[in-house]
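This structure is in structure tokens; I'll ask about it shortly.
Per-chain residue numbering starts at 1, and chain names A, B, C and D are given in the order in which the chains are listed.
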């Protein structure tokens, strides 16, 4: 018999943590055995509006091992999350960390610890599963089609262009793509910037419009044919499909990974 | 009884002229009463490969009035086309001119002549009907949604960016759009060119990939909604839908117009 | 000097009414002179969470004329809205009605009353401005391109297919489109339903996927070219662009109209 | 030193064969050592219009081994192609077969022969590389997102719906997808066919419009996110990217494969 995966959510008073609580409560095969948040004043989740019919203890760190969790979901702040990950690994709980801002040396130390303990875990800057798949597919296609442009589209409050996802996609494609300066060698911009940003010979275009949320299109061209991979994020709740996938896979791992793509 | 529209095609030995011949032969309500081309050596269209079962005279200029055409379709060269248009107007034949490169003063003189003669005509730089509709719709939407970006996509042999159609679309929108610098006022390009070209506060992006032909997308954004108008040209034969429309409308006009939009 | 447009919001305790309140408070040229809702217990909007710094009276029907409003925005229930519209017209307040479910005879009577009073007004089932523009553009293009298919895409909770907007779009195109059974006359479905629904010879396809909100694409084809008009609704707050437009235009009208397209 | 890959093209008088000749002549690393076609009357390719400056012998079957080819490209007819593939394998030439219509037992026998000879080869019904990648990516994504719809779009001369590619894509996804009847369990078609064809719980929509060539979009939905993979064929010449890839890979193989995906 396969038992339920027992899960703790750290940071359950924040927006992402609360969304994680909902996901665990509604996901077949998962059991929410406790929630944790230093700022919580409740003793049980049923004291929180909307959760009256639940019975899940709000735990202190010391109480966590008593409920023997398999997985520790973390949406807190960087400082807390590093300590939490260490705590989880030491107690043979698999961490699934959505908190961002870890330093490289912190990740290295945690990876080392995970190997010593033989405990699987995941730190992921982006749990958007469609975004991760888009990047994987783009990398696969770039082997065969060096002509590629990225069009990323975001709401018009966004400050930076191109988006982090666009840059990361270009980096991943550059690893496998035959080097090429795309477009006509003699092409000429009659209006500056028309051909977009140039990353290693690939062009990136950033669209900013009200109404949009977060979208990206990776467009490949070959003789007489084209291939387009498009990803749309409509709501940050989308991250939970990736968190759930990580919770399912992490307990079979024996070390700490960085990036959801490791569990695909 | 409504008779057939009798049509002459000038420049029938060229690629566009030949396509016009095919259109007229296959269009209900049209009759090809003659073809003309200074470089032709044939006496009848049936001497041309693929037209053996037709019987259409190859005419000299002097012979044209004998077949009493209603419409003169012209895909020749600028020098010839100006004289041809004058000849057509003087003989009460409505010119439909796809030849490009007329000078402003030439067009002005021909317009004057058309009014004197009371003969309708059309000079159009672009007979692509979907392109003309796209520009019309973009102009209408720009009244309500000042946030708009243009993404134009062409094959990678194209030299200039942005395309002429993109510039013309932006010009037309600028006539009615509330002036606005689009995007976050503090936005920052971490890779130069990411936000594209800036035309009067609207951003234009030029994508160049093998496989593509000629495509343009005008994308509007508002609070919680978006509107996109996209035009695709797969083949230059597409121009003939617009030429046919012009032939249908031109005989009811009483002066020479510039731009297919005048007949919508 | 042009004064502010003085506006009342009826139904301000509901979700759409509350959104309308926010729109009026944040829109240049608009002044919120009162709010109304039979279920309200507050005396002033500043008693409602989030509006502490406002000073807008909650009015009874009798008090409404005292604040001399120009426009009455209504997001209530059909029964109340009919009476409200009558009340507004009688007091020379221009109604802008987003409440749906009016009977044809009710609309007819209200139109009659509006003419007698010489007061402008608008009843609109859909204030989504991009949706209204999409339908207008589709109708214009259908004159020239009888080959057209509609692809509408909604979240997978939606019960009915095709959507009301898709049907209305097809109806509008049918008014001007040359009748045609689209596709190959001998086409054959090897899997039943592949070619979608058939409305007067045009095909309609309904896509249902989690993540989607409400989207529609009207796709035209001609020889060698294509034209696509796409509309995306990401959030119902989008309706407020259309409500604001109506408030700006309605006071210059002298009768009651049905459909936002009348104010474009 | 790595030598050139020596290639023969069989069926060079046909449209696809002629395109293959052009590809081989223009591809770095390939050498066209001969062409073959039972209907050819020329002795050398330079007798064919447009190839005056080439020097490539037109071979009889008996002469083929003399030029020691590495690869045999075949765009002929089924009857000839089976014999040709056998001939190639027996002479240690790697067949790359674009001719369609092989029977299952013929393929089985050829596979057996290839293993005995230790010679690599490829029979592919579709050399469209973007189409093959689209299907691969769709299969990968279907593991994580069971909610998926296919929209395939073709010119309106096409007789059958859905397309063979759409069916094959659905089959490949069905192998890995968690079984699910997509959409609202209580959904209702108010116009029959709106929800498209149903293949194992996935919906397929077939759009037919003039102007289109061959396009397919596989659209996945998850909570708050979406992923779309789109493939466009603008010209059948696109197949040559896949043929070239096969020629590069086939000589390192030691048996006959079916489907270009085996060489990705």
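Keep this in mind: a contact is a pair of C-beta atoms (placed from the backbone, for glycine too) under 8 Å apart; a residue touches a chain by one contact, two chains touch by 3 or more.
Here is each chain with its UniProt name: A, B, C, D = 4-hydroxy-tetrahydrodipicolinate reductase.
These numbers were taken from a predicted model, which means no experiment stands behind them.
Student: Determine the set of chains touching chain C that also touch chain D.
Tutor: A, B
Student: Any chance you could check whether B-C or B-D wins on number of contacting C-beta pairs?
Tutor: When B-D is set beside B-C, the one with more contacts is B-C.
Student: Comparing centres built from CA atoms, which chain ends up most distant from chain B?
Tutor: Farthest chain from chain B, going by C-alpha centroids: A.
Student: Which whole number of Å gives the spacing of the CA centres of chain A and chain B?
Tutor: 49
Student: Compute the distance, rounded to whole Å, between the mean C-alpha positions of chain B and chain D.
Tutor: Spacing between the chain centres: roughly 38 Å.
Student: Could you list the positions in chain D whose residues touch two or more of the other chains?
Tutor: 211-212, 220, 222-226, 232, 234-235, 238
Student: What residues on chain B touch chain A, complex-wise?
Tutor: Residues in contact with chain A: 147-149, 151, 153, 156-162, 167, 182-184, 186-199, 203-212, 219-226.
Student: In their shared complex, at which residues does chain C touch chain B?
Tutor: Of all residues in chain C, those touching chain B are 128-131, 133-134, 136-137, 140-141, 144-145, 220, 222-238, 240-241, 245, 264.
Student: Mind pulling up the chain A residues that touch chain C in the complex?
Tutor: Going through chain A, the ones touching chain C are 211-213, 232, 234-235, 238.
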